[in-house]
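The following block contains the structure, expressed as structure tokens.
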């Protein structure tokens, strides 16, 4: 395995291995919470929190865990951090937590987090895992931001709650509904692949 | 009647995939062939039903009496993870072909938000025991319905001229979107 | 150590640590969370009953809670009724106020709903829907006015306004209110609650 | 205190219960699998091309571990892989001869006459089914079925209407051999320089009539190198290339139609 | 031997004269009576909507053909024009043009071209466009105006089915008269109101065998049976089947949309299931669902099942044993 | 009489009026014939003559070696010019015996008839038929002797004489029925005896009522029944014919004898009679030369091995702009790239015309017309897609091997998709895979 520079380790999460657009991981929260930018952001940040801390813990205890209970252990670790995030949101950002509904607890099963533990933190040093976790969460956050911006702007004519479209604009309610989420993400994935194949060729 | 409503709603209206966006990974990953989609759907249904039972027990016998609501996440996920591993080992033992067919997706059920979501939503809705079981089973059937329909469509799309960048997940998501539109027809049918 | 015992040990330990850890965190946040939930209800009550300061639960059953509201001077401000029922998609939980005589609705607010965003979800914010709930007659069956009107005087006292494109959700809200009103009237008839002042304790 | 104790106890109990359950189940239901399979699987190129005759790299790994195929069975991985696999299994890799696909036809658009106007599915196989689009019934049809199946980008269609092999990229997976409806590809050792570039079993006059580059059974080559080259079914065949005397190659190359000779004439060594 | 110029091809060497564009233009011709009817009832509004949809659909189609480097002739094969016409016919007459354009673009782009273009789409493109609009702009899509021939002067107006659902017209005895439904003298989408015009078009398609008779027949059969049972049991609460057949988009759906070959099953058995399923679901939605009308959702829902139907209803091959094993 | 028929199928324009009134004309033997040692499929016969040898008319020049091949006989007398590959209507060069005609038609001495053929026992009839190199003249050229001796566990109860000639344009069978009515009936009787069947049915499409009348006129009571069939393509395909006449279904992958039936073309019946009664091997056959590219369309009796060019020349030559040359009928015939190929035993027609540019192929719109017309009740569009996108096992499950390549689907397809070509491609690939599999299993 070639060791990447720290910069590359971070940047890969943004595009080459972007968890949502390239690896198709964590699509459930991506679809579910991107109706508005604020929920998307909150979700992204909560995920970042969990991802970073559990990467740290997992990479530091990796040697102690027998392979057979690896996943179970990771899950408990992740779940603990998720609980903390959930409690925190409930305590200090009650409306957002209400809006996110069951999706905050569901971070625990977000494939990105477990996937990173399996694929990276369990094999790499603490520092490297941290960088990787940072890159991945930035990538996740970016994807959420793009998707939620499109959906909020078209679906409500607002961005972060502020009116951005003129009064002529008729909001496309479908964009904040499941159908709009699926279709928008489908098209985004198509565009991402197209860009990728273009850059690969040149 | 209430139970029937819960069941039908879980299958058609508040479909786990198309309404709650849960279990999208296997929904996209294992929907390439009808046969494996069906097996996956049944596996999920099975796990969901058991999860519903066990999580209800934990929630109502331990967590609520002792006011431990905050342990929901950890305890549910532990239960689910262990259960799925058991199921996985079991299938591997009794039916290697089935194991082969489901491949890496069995472990994925563990980290499948549909299962965890089921436990959480059932707890959130405050369902009774029987309701929880019906809800779990119905949600599994709803997942199976969605994934099998999707697999049928994707098998047909295999014989189509879909633009290159959209092949695979892209077109599957768009199809899911239109399916969500089509399933809209059922809303309001029960209330 | 055998693999099996190591597996058991590791998982048990992890469980132990995380249990302790979480208990600690919960201890820190518990109060605030409870406060948040409490605050939500209080706020709702304030919206539907003017001058409400002190509330006591008069009656409680699944899907229906009746509060009695006092002003800070101890005068009866009214009653707040929290009710849950099915909406277009899923359950709707709402709060509405009744005046001291239990004959007039003083206001309505939605606490929780999962109606379609942009459509049914308008019941939470549509001014011409929510504010037109003031001064509705609570002694009989209320009906829905469709198509909606622009100003409250256009409505009869037994009518409530509807929302365009969310007719069904409006109708469901109305149904929840009608049902709970019926129950309240039943409870009054049974003497479980009375409109006159009570001397509790 | 209970506030802390209850959750700790609960979690510990849960952890204990499920780990015990898992351990029990693990011991009961464990499926034995040779760990080498996993290891070898990782070594293999993961092209999953099936060239080895198995349904994929993993299946091949299983077969190797069970000793059903030699460690050199993966043509794609080549010697390197074979050596690694051999090391994992603790056996000797043996020698591997680098093979490469060769086309046995020189019937370019110019050399071989076309047969009517073909109007149908534009693939070699489809064309071949109804007699083909070339008057020669053995020659390359030029629709590139072989190019389409090559996963390694080792083939391309020349302007002359024939597929060309990029020797450096060809892994000798044999896909093209199977794909060509006219059996024009064959795997040969890379070092084999002299080849017959025709598969026509037509007799001389007929063969000559339909293609300028056809073997016309004149026998010049066979006379030049009787040990190595024989005439079979109106066609020159290299029975054993090792017996070709390098000195006689110029004589072989006197072939009037160029249907036999070295693959790389000295002047055209451009490739890739 | 000279190079010969004879054509080398696989048999057969005869070809029937019918072609895809011919089929498509037949459908367009069959749609014309209903188009004229809608122009008669809604005047300029109808003309403008048809025009907007046609232009938007054709332009979108052209852009995709260009991007995907496909032959431009297929722009004129008539399929995009049908999509445009049918989409326009399922829009409220008063819809603003920008929404019509959005619907058209979605219909062609998301409904058809992302699947590979003509012949590959899973869902009925016009209905995808309509479902998108319905969900994106529910208010605009449920705002009706009366036909000019009615000479009523109300700002808002409701369709017969809307009244059935929300105003309990059966109970009040104010159900729209069948004669109006038959002629089209009611509110509703552009092209759905006039039953008689649609039936004329349908007869053209049926006699020319352009459409599979099983589909409209099965839909109408299932709907009549379903609504009929309820009507017979309680005619004071439920509308008669004749009303359900003539009201709303049932006829246009049954004859022109469910019959879209691309999105309907290819096997006879599958076709029956598909048709009966649509009819049943329309009945369910109209009687018990959240919407007054269910034709669009029913067709889209059955579209999703079509691939499964196709796969599981392979006809019995000549000589195959009737019950396998 | 009620017309019987089968479900599905098509009705293409018939174009039979050009030649149906034209009596069969014996075409003078050409200067030179090339008789391929392989007539249709199977393995080539072993040549019995060498270059330079003199042969007489009807002399056996190729000996069948395998079960599914047939002997070939000289169709003229004269000197063998060569035994060498020639272009063949099937596409590949095939060894053939080329004979220079000496014009004498000297019959081979071994040709001897039997005075009372109807008294012969079944084995003898079969033997004679085999010796005479008779193959089915309905198109598939299946060795008739094989058909006449079905396995013992499959008793035959019915012989069907196939007088449908459902292919458009062709009228040769019709003329044979009119002109050799009695020979056909007698040949049919021989077939019935040889196969041990109880009854004989002659199936005729209702556009050939004259032929039916001819049969009725000469028929001695009850020796055969005549069934009038609806004019529809492919009425003559044996599985559909059996289905139409008897209501039986030949099982998938099975042959008519699985349902107790033998089907023979009218021309074959006549050839059998000729062989048994007069000892005449199969060295000539009736065919139709037509199509608008043929200046004087005709029905001809042609010697096997005559080149298409000679036949066309005899018909006044072809129009200059002819660009399609077909052996057989327009629905199932094989297109030829050169008129330099010989007439073989399966050549039921030689057609020439100018075809317009093929219509642009569009993508399938799933109109299901192909499904509604496929006489085998297959789903051609699905088969085509399975082949195109390489899902061969699905193609097999959907019955690709049951396709008889009748072309109904492609004829009717509004998108002008070469369905039959795809299906043939798929059949070949599926068979290839099967062979590979069985080879693997064996090895």
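Just so it is clear, A, B, C, D, E and F label the chains in written order, and each chain counts residues from 1 on its own.
In the analysis below, a contact is a pair of C-beta atoms (placed from the backbone, for glycine too) under 8 Å apart; a residue touches a chain by one contact, two chains touch by 3 or more.
Remember, predicted model here, so these are calculated numbers, not experimental data.
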Separation of chain C from chain F in touching-chain steps, minimised, is 2
Co-neighbours of chain E and chain F resolve to B, D
Chain located farthest away, centre of chain A as origin (C-alpha): F
Report which of C-D and D-E is connected by more C-beta pairs in contact. C-D
For chain D versus chain F, what separation do you get between their C-alpha means, in angstrom? 41
If you average the CA atoms of chain B and of chain C, how far apart do the two points sit, in angstrom? 32
Here the gap between chain B and chain D, centre to centre from mean Cα coordinates and rounded to Å, is 44
Would you please write down the residue numbers of chain A that are in contact with two or more other chains? 68-69, 72, 76, 79-80, 83, 87, 173, 177, 179-180, 183, 190
Residues touching two or more other chains, restricted to chain C: which are they? 7, 10-11, 14-15, 18-19, 22, 25-26, 88, 118-119, 168
Where chain D touches two or more other chains at once, the residues are 6-7, 10-11, 14-15, 18-19, 22-23, 26, 115-117, 119-120, 126, 129-131, 135
Between which chains is there touch? A-B, A-C, A-D, A-E, B-C, B-D, B-E, B-F, C-D, C-E, D-E, D-F, E-F
Within the complex, chain F is touched by chain E residues 1, 4-16, 18-20, 22-23, 71, 73-74, 77, 79, 116-120, 212, 261-268, 271, 310, 314-321
For the chain F and chain B complex, residues of the former touching the latter: 363, 385-386, 388-389, 391
Footprint of chain B on chain D - complex, ascending: 6-7, 10-11, 14-15, 18, 21-22, 25-26, 29-31
Seen from chain E, its contact residues with chain A in the complex are 98-99, 102, 110, 114, 132, 135-138, 140
Touching chain C in the complex: which residues of chain B? 13-14, 70-71, 74, 78, 125, 187-188, 191
